[in-house]
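Look at the two complexes coming up: subunit A is in both, with subunit B in one and subunit C in the other.
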Partner chain A sequence: MATIDVPQLNKAFASEYRFRQRTGKEYALLPLRFLPLDDDRYVATNFAGEYIVLARPDLQALIRHELVPQGGLYNALKAKHFLLDGDSSVAIDLLACKYRTKHSLLSQLTSLFLFVVTLRCEHSCPYCQVSRQSQDRHAFDMRRCDAERAIDFVFSSPSEHVKVEFQGGEPLLNFDLIRWVVDQVLERNETEKKQIAFVIATNLALIDNDILAFCKAHEIFISTSLDGPRDLHNANRPRPGHDSYERTLEGIAKARDALGRDRVAALMTTTRASLNQPEAIVDEYVRQGFTSIFLRALSPFGFAVKTGAIDGYTTDEWLAFYRRALAHILRLNMQGVVFREEYAALLLRKILTPYPTGYVDLQSPAGIGLSCIAFNYEGSIYASDEARMLAEMGDFTFRLGRLESDSIEAVLGSPKLLDYLAISMTESAPMCADCGLQPYCGSDPVYHYSTQGDMVGRKTTSGFCRKNMEIIKHLIRLLEDDREASPILRSWIR
Partner chain B sequence: MSDMRQVAVALHSRLSMTRDAEPQVMRIATDSSCPSRKCTALVLPSLTVDVPSGFAAYFVRDSKPEALPGVSLLEPSYSLPSALSYLDEGDIIRLNPRYGHLWVMYRKASKANSMLLTEQCNSWCVMCSQPPVATDDRWLVDAWKSAIPLMATDTVELGITGGEPTLLGDAFLDLLATCKQHLPQTGLHVLSNGRLFNYLSLAQQVARVDHPDLVIGISLYSDIAWQHDFIVQSPGAFDQTIRGLLNLARCGVRIELRVVIHSLSVPRLVGLAAFIARNLPFVEHVALMGLEPIGFARANLASLWVDPVDYHVELESAVSELAANSMNVSIYNHQLCVLPPTLWAFARQSISDWKNVYLPICEGCAVRERCGGFFHSAARSHSRAISPIAHDGHLVPS
Partner chain C sequence: MPIPEHRSDSGRSPTEFTFDLSLYRLSAIQKAAYRFTGPFRVELDRVTESQVRVKLVPHPGNSPSVDPNTLPNEVLDQELRETVADETRGVRELLLAQAFSNLPLTDPVGENADYRDDPLKIAEIRSPSH
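Entry: the complex of A and B
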């Protein structure tokens, strides 16, 4: 506030100067990182992930200890815990509290358990990394004895909230096992008393009234795939009859009827054919009554790309797609359509709130094993969904153990996993440690191992790094510069 | 007493006579067949002879008791002051016969009952509406301890204020426990500067009372330590309050934050909202409050007053910052006509009934029923924007 305009209080009160002078003339810097945001501005982040955008001369003044106490910028930096002066000592307590809050999910260990109940699928999507067209149930379905052990793992989690997600292949091809697992888990939970959510990730082609009745009775969520408009979706997801789109929509309608609108979600995967139609993809989601979309890039290390079954695309091509889609979504919101992009929403939660997010790919230490564990159909335990997909290509680097022989302590405490986690921490990884966006990003050892042969990775050429840095900077620029977009983005953190 | 005459509902009054007897806290009864009489004052509509004995006191409406034949039956009896003619079954009074003073401690029909535990305070806020008095006023806690068992068990909410109630130490904790014992259904709302919760032990002791519905409303005026300390005139207060908030949160005690808006707090209002959302997300409610121009606020009014229409931008930003972070935020003590309609949803009727008034100009206003109105003390100093609102939500041109 202006120092010339000192309010004149009644004589019974001490003057402002007596309190103001306490700041002193010098200040200390609290831990901070910074990075150019554009040609003349920098984004600086503090120890707990709060950010401030600074003009280059202001940043220089800050780190050269040349800022004048009392100015608006000085107060903003002080209140956001970028600097410390003689005024108060409480900043350290607050930073510690915020840091602890941001990392509070760590003590919970994983709460997400993936059950790959079968590898079989009746689709033959070219980008799919794992599915098999087979009638051989014994070769590609999870055995009940393995599922039983997997349930033991679920209940050994210290987390009070647990999510059990059934994956495939097409998990509905082994619905008997899903039914058995759900019954077992709920029975055990009568004494364990955890908050348990079930999700089935399915293409819905095989959904029927029996399955829906079971889902309704047990409050099971449905997560399906919808890539965009009919032609795009059907081109991406071939099946006999070329009717994947129709079957998906029919399935969504049925599932919504039976379970309620909020229990059915859809995911999209961006293929090369998607790149030039981001608006049409978003519009399709709006038309189908969804209130959000998760814009996901294809795993560039996947089976499909490696075998040349489909064309990949560069990170920059995907970023252009993402920016166009996001701009379209923001435009829709300005016209009154309430709709959000989930990847932006979770990054915004990391940027704008004091709370952590559990998203596997944006954790430090990495989310492998800590934010997610995958039980594969053949009884192996993997550190993540991508880790088991890598294994389908013959690389077992991220296999943590076997259901029939290993305990959760042995799996989560294995020197192998601990080594991977230790080197993955962005607080110390080369380049990440100095990155202004470190608090918002994370570490993906499976990605870097697959694309660069090294779990830490070389960030200068990393698509993961480029993608996240560009999106985060884009979001911060929108928050700072776009008066219309900013309140919309801020509403997504709720 | 001069201020008391201006309020909407008088809570104090002089009696026409004095007696040499100890002060006593009593429940009001209007039914003479009431069985428990030791701590009960019977209010009679008029002078009658057939009045049962045994009540702690008798009050007679519209009459002079000394004029009644057989007055000995009614001892001690008083004429009920007309300012307190609203007294009704279940209200609680404290009668000090030596001073001829009657204090209405609790009104059963009111939603705004609060217990002032002490006038002592360890802060000296420049806008304090209840300026601290350095006096031994422990009798107040004793009076409240006598009053609590007489209160209706269906009382929805009870405030605890001061001064600074936590200065009472064990007596404060004891009072919380008394409330829990006699009024387990009643929500307790304590107003505090939070500084003494800097001692973890006090936060732990409050938590250990294990009151089923207790919220502590703590004042915070800036995110810059010296600015808060200047406003509360107490070096080190900001750090104590912040550590106090962390201690209370650690002990699981529910917290509300209260921010009074004036010339010294407006400049950091938006920064403070962001600070709260980021550092104190565990508080369950944030109240952004208009100035009550009484006490120190009146003495400093020329320096402190900012017309609410001149801080619209700051108020809107602060509210949206908190609301976007899913924090429960309210605006207190602002009339609807001084707020932009975008903020109406956050405005609450926050002024206690006994000091809540409306102005003559409010007569023609379409939203008067939803509006919080004025402090009686604000009737003379208020926003230049006060104007009735038409049914279409626009100001009526004057």
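Entry: the complex of A and C
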């Protein structure tokens, strides 16, 4: 056991021994977690989430205080704040600073507000979570009085940077409300002075010049859906005329012309039909001029469950798809095509920098309510987009309140949400607390509640856990073992 | 390194290990066993005052994706984790306090003093023998 005098809380002065003991012969452990990376190696992470890959004997030697001082491994572990000796006194301050930086978003509360302006959609995608085939505007469109209250919530956020995202259904079916909300927000912001970004998540089938002119005038971003090549996209996204792919590409071209290339992004969803063609999906994105893709699995909510589409593949099948797609993307980069996978980029930011990401699913405490709030078309307030999707299946567990009657203080300070957040912390969840990948992962109470009936979730059978663990370990192996892939992955960090 | 007693292992039949509590903490055995709760029903029994038996029974109809014979190594890993947790508990509390407090706790004099007072004697001229 070390005899190093580690600084203690409320101890104003270090002991005389600490100042005499400057030889580096003894060391004290700093907090660390570890996990097997493969048969021979472990990945260990320090308090701030910096990692090192160790052979098992080296890990044991570190923890049993058997390391040879001043050796290469010793110095690497010391430099990365896995141990502390008499020669180093800055590790505590640096670690605390990095840890605080990693959690700096907590003080901002939510900055992402989803306005579900309608549930109506002219598509009938089998995996869609929520959409309704209906012409009844009154039944499935957000009312202006509810939108007005939602705007109050936006301006109640302490966050200086705010994103307002219009969701559906197909939000362009209620473009009048989008127009009204944008005008109201901008008018109010003349005095509030927040940094505000607007996004419309649309399939682009209904985009026209008037809408684009409004988007241009108000610097609105477009986020659309492109699942891959024509046959795959049209099979995934049925609509009258079987022309979703053609309309999407036409819409992307129009939107780029009007708004600029950087204001149009696309997302894909993996279906069973996608699994055997990851390369073709990536190539389609490259062909259409995108510089990145976000590879997403089906989520276990809403119609995807009802139609049985969610049973279309296992987590392991999706992981095989993901690895193939990532390998193809790396090959393209090696050939000079600059292209990024967004989920990997998010994780790499967490793995290789002290900075946080606002991605809702990778937060601890969970991102529900803290990273996102969803205002549903019928006036309910939900903790996340997935929470309102669950509600469409009749489960209102994550409904936090009503726009007409509740304040942001009541919603974000509700015992219900605070309870959910308290149990969501991976720092204390079974298995997560000890996991070497804990600093990179997160907590998704809505996923685990809907798949296991428990918000914390049993990680031994959790698809969320398996997916994230396997992707993170895969990325670390690439960083460590693949000299060509490593610099490419590092270049994706933003 | 002591090896736990391995009672049996044949395909889909239960696998049993007996652990000596003078060598392994009960909490380490429990946490390691928990990691097998996906593909197995896990049973823990106290065989004697100083021995705990862990039985891993495969769920019917599933072929386990995890090798039950890796349990002893998992227990060893958990022992190391317990060692780290015990040794770093104090510094972990300090780090959290330091990270989320506006008040520096490790060096209040150096952090808060007026530089003109030079409490750490940084500007003091020392003789070469120092």
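Here is the rule we use: the second predicted complex is superposed on the first by the 464 of 494 C-alpha atoms of A that agree within 3 Å, B and C clash if a C-alpha of one lies under 4 Å from a C-alpha of the other, contacts with A are read in each partner's own complex, and residues count from 1 in each chain.
FYI, contacts are C-beta pairs under 8 Å (C-beta built on N, C-alpha and C of every residue); 3 or more make two chains touch, one makes a residue touch a chain.
Predicted, not measured: the structure shown is a model, and the values here were computed from it.
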Q: Tell me which partner A:D93 touches in the superposition: subunit B (first), subunit C (second), both or neither.
A: both
Q: For A:T460, select first, second, both or neither according to whether it touches subunit B, subunit C, the two together, or no partner.
A: second
(Q) With both complexes overlaid on chain A, does A:P430 touch subunit B (first), subunit C (second), both or neither? (A) second
Q.
One more residue to check, A:K78. First (subunit B), second (subunit C), both or neither?
A. first
Q: Once the structures are superposed on A, label A:R490 by its partner contacts, choosing first (subunit B), second (subunit C), both or neither.
A: first
Q | Touched partner set for A:E50, first subunit B, second subunit C, both or neither | A | first
Q. Which of the two partners, first being subunit B and second being subunit C, lies in contact with A:H103: first, second, both, or neither?
A. second
Q. Can you list the residues of subunit A that meet both subunit B and subunit C?
A. 1, 7-10, 12, 93, 97
Q: Would you mind writing out the residues of subunit A in touch with subunit B in their complex?
A: 1, 7-10, 12-14, 16, 18-20, 22-23, 48, 50, 75-76, 78-80, 87-90, 93-94, 97-98, 352-355, 487, 490-491, 493-494
Q: Sort out for me which residues of subunit B touch subunit A in the complex.
A: 124, 126, 223-227, 229-230, 233, 235, 238-239, 242-243, 246, 263-264, 267-268, 271, 274-275, 277-279, 281, 296, 299-300, 302-304, 320, 324-326
Q: Flag every residue of subunit A that touches subunit C in the complex, lowest number first.
A: 1-2, 6-10, 12, 28-34, 36, 47, 59-60, 63-64, 84, 92-93, 95-97, 99-100, 103, 430-431, 434, 458, 460-461
Q. For subunit C, which residues count as touching subunit A in their complex?
A. 31, 34-39, 77-78, 80-81, 83-84, 87-88, 90-100, 105-108
